[in-house]
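In the two complexes below, chain A is the common chain; its partner is chain B in one and chain C in the other.
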Partner chain A sequence: MIAIVDYGSGNVAAIADIFKRLKLPHVITRDHAELQAADRYILPGVGAFDTTMHTLKDSGLVGLLNDEVHGQGKKIMGVCVGMQILGDSSDEGVLPGLGWIPGHIRRIDPASIDNSPKLPHMGWNSVRIKGAMPLFDSVDPERGFYFLHSYYFDAKDTESICATVEYGKELPCAVASGNVFGFQFHPEKSHSNGVAVFRNFSQI
Partner chain B sequence: MLRSRIIPCLLLHQGGLVKTRQFKEPKYVGDPLNAVKIFNEKEVDELMFVDIDATAENRNPSMPLLRSLAVESRMPLCYGGGVTSAEQATKIVATGFEKVSVSSAALARPTLIKEMSEAIGSQSVVVTVDVKANRLFSGYTIYTHNGQNKHKQPLLEFCQQAVSLGAGEIVINSIDHDGQMQGYDLKLARQVRDVIDIPMTMLGGAGTVDHLQALIDTVGTVGAAAGSMFVFKGQYRAVLINYARPMRLQAQHNS
Partner chain C sequence: MIKYKVCSCCVMDTSDANIIFDSLGVCDHCLAFKQNILPHWHPNEKGAAMFREIVAQIKTAGNGKQFDCIMGMSGGLDSSYLLHLAVTEFGLRPLVFHVDGGWNTDLAVNNIQVLVDKLGLDLYTEVINWNEMRDFQLAFFKSGVPHLDIPQDHAFVATLYHFANKHGIKYILNGGNYSTECVRNPKEWLYYGTDMAQLRDIHGRFGSIPLRTYPFSSVLFHKVYLRYIRGVQVVKPLNLMPYTKENASKVLADTYGWRPYPQKHFESRFTRFYEGYWLPTRFGYDTRRVQYSSLIQTGQMTREEALERLKQPAYDPATIDEDFEYIATKLGISVHELRGYHEMPLKTYKDYKNQEWLFDLGAKTLKVLGIERAVKR
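The block that comes next holds the complex of A and B.
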């Protein structure tokens, strides 16, 4: 069972719709028993870094997720700002992140982009996949994913970078460390490539 | 490489979808949910909905309708129409829309743009401006309320103000070119592109993929939005929901 963590941020309905169409068991929940019963988690998130961290803390789920993800080794996948809060800290705020994947969230440097538009990075962009990453099985990197962001995950360990996107310079857009995965793009809005990522996550 | 976005723009009117010409003669073109299902299958880049009744009738966005559109949609969504506060924008994003567009409310009170960008993040704040060419001064005049009310502030000045207040995208909608299917106003596109450095989307005038390509050739990476082109087929404007990208973009999509 995949639990979409309904802590009050992000597009839970669109993610659930994809699992529904894939006929994969899933639940949108913030209920402790349901979360403990699940074996995988999706952590959505939109908005500012601090607002998202505040909302997650206020939901009272940080301790539980820590136990399940770190204690039990269950898999979790963060999406968009749900990915950024997996890191240690952000240019966008003062609150610490969850610190599950070492790294700092940086604002994309507009000076690195020659033409207009500069920020936000908005639209479909191809990605470069690094090494063997089962979550990218049957993903077409040239077609890529839908991006909508001005900050990126500057991962501390280059080994944790699973894919990059070219925007001004090469920016990490997918990170992983053990059982923790994060995607800057919106797989729930990326048609067949996005569906493939969710299907793969349910199978790894 | 970041690709230009080809965006069907759908107008909500009395519960259905319509298409106008120069903001007049709304013609019924179908059911919004059905259109979302077709555009899912076509794997479109983005979809934009504008409720053309909300501001005119001074009412709030219809949240139940937005919810049903968002649940069905597997592509990025933008909503505009009747948004007047950051609280509304927050609710719309929570419903599953990536972007929220404001127009007349932001012209009346520009700080709304700042409030929205603080609430939902700049990347999700779209400012849409409806304009008509002003032949006397060879410039452009901003209009609100479906082209009924003239707005005093000069177009380029307002665009720059919107950027400085935290807009993440500017949509320029040409009233003159609306529904004409004869191509975008490229001079207008170039003028706005030259003064802002955030994403820009043009709306009004596209009738063929060549028109989309001409816009991309003129201003570079851009949002190319269209209504008529994606809901009509042939010179008699038979209703047929369809989608097409210029060849180069389609090749990258099919890679």
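The block that comes next holds the complex of A and C.
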């Protein structure tokens, strides 16, 4: 059972729609018992870093997720700001993140790049997959994913970067550390490639 | 051969093959505006009172819900200004809905972002399957018809309606307005975008992959089922208040740092190419004539100014080669192939299956009932 963590941020319905289409057992929930019963988690998130962290903390789920993900080794996938809060900190706020994948969230700085990109980075973009990442099985990197963001995950350990995207310069867009996965792009908006990522996540 | 003639009041001309002039050289678009729209258009206190009543209904219906209405947001002037008004003037809580067909300009993305950021709203984005969109657009190119923008337009409308239906949203705010679009594009230029017979015929003949996720909406679904069975209302607030292009641009620029587009509909890179270059150079249809004529009717532009502006091409000759390459590459074809579609024999909606009679009947009915007054013809 995959639990889409309904802590009050992110478009949980769009993610659930994909699991429904894939006929994969899933639940949208913030209920502790239901979350404990699940074996995989999706952590969505939209908006600002601090607001998202606040919302997650207020939901009272941080401790539970910590136990399940780190104590029990259950797999979790953060999407967009749900990915960013997996890091330690962000240019966008003052609150600490969950710190599950070491790294700092930086604002894409158009001024530092020759071919200055516009923010936010919104739309389809190809990705470059690094190494063997089972969540990218059957993914066409050229077709890529749908992005909507102005910040990126600057991973401390480059080994944790599983894919990058070119936007002015090469930016990490997928990170992983053990059982924790994070995607800056929106698999739930990325049609066949996104569906592949969710399907793979249900199988690893 | 029809002799070239331009209306003595607006700038519509014989590039609209069905244009009719009266003895004073005034065209039927002008006449339709004066007869059908002007008497029923209330951009004044009367309209404001009507809208206040609607706002109260919207708020009541949305009580206790996260949103009380939904509005489509393209980043263009009309939808941007409507969002500004809805939130700051009327205290509405719209779900801001953006459909990404894959052709947003940087400017549009930026304009959407500055608005939702400063208004503290979330943006809900629905993304069209790019492979299907590309295939559908290519099918239209191959068909040779003028209305190449249908795959984008149809997707925008259909996605919004399906979303409203699925989530039980009863009010759709729409930026449509008489002020900047009281003259409609002639049917020959831009045929009805929801004629499913036409859409399916063109894609059936020229498409190469099935459209599995592309959102379709038949006129029966959104004009009949949604409105009369599900009770979803489409509200056009910009018709119920003073609304001018210049003032709206200024307010948005001053308040949000919103930046204007060189031409209406140029928030999409595809539409910029299509309306700026493709339609005028392949068919002789310049949509600026329609847009400027609307502004002339509503006192926002003089006829002289419009004629002067029309002397310049709608596209930038310095960058058109670059645009050609961008569009071709994005559609996954060569520039040579794209140029081939530009030079192929001209086709019209009549060359493909259509339900024109049904749409004409519907348009006439809506006009008689007073539901829609700016009718395509």
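Assume the second predicted complex is superposed on the first by the 198 of 204 C-alpha atoms of A that agree within 3 Å, B and C clash if a C-alpha of one lies under 4 Å from a C-alpha of the other, contacts with A are read in each partner's own complex, and residues count from 1 in each chain.
By our rule, a residue touches a chain if its C-beta (ideal position, glycine included) is under 8 Å from a C-beta of that chain, and two chains touch if they have at least 3 such contacts.
Everything numeric here is computed off the predicted structure, so don't read it as measured data.
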item	value
Fit-or-clash call for chain B and chain C when the two complexes are aligned on chain A	clash
Partner chain in contact with A:W124 - chain B first, chain C second, else both or neither	both
Which of chain B and chain C A:I18 touches, first, second, both or neither	first
First (chain B), second (chain C), both or neither touched by A:K189	both
A:T29 touches, of chain B and chain C: first, second, both or neither?	neither
Chain touching more of chain A, residue-wise (chain B, chain C)	B
Touching partner for A:P110 - first (chain B), second (chain C), both, neither	first
Touching partner for A:E166 - first (chain B), second (chain C), both, neither	first
Chain B versus chain C as contact partner of A:V46, first or second or both or neither	both
Touched partner set for A:R143, first chain B, second chain C, both or neither	both
Contact residues of chain A, present in both the chain B and the chain C interface	11, 46-47, 118-120, 122-124, 143, 146, 148, 186, 189, 191-192
Complex contact set, residues of chain A against chain B	11, 13-14, 17-18, 46-48, 110, 115-126, 140, 142-143, 146-150, 166-167, 186, 188-189, 191-192, 194-195
Of chain B, residues touching chain A in the complex	1-5, 43, 45-46, 67, 70-77, 93, 95-96, 98-99, 118-124, 168-169, 193, 196-200, 220-221, 223, 252-255
Contact set on chain C toward chain A in their complex	100, 102, 104, 106, 109-110, 113, 122-127, 129-131, 213
Interfacial residue positions of chain A with respect to chain C in the complex	11, 46-47, 118-120, 122-124, 143, 146, 148, 186, 189-192
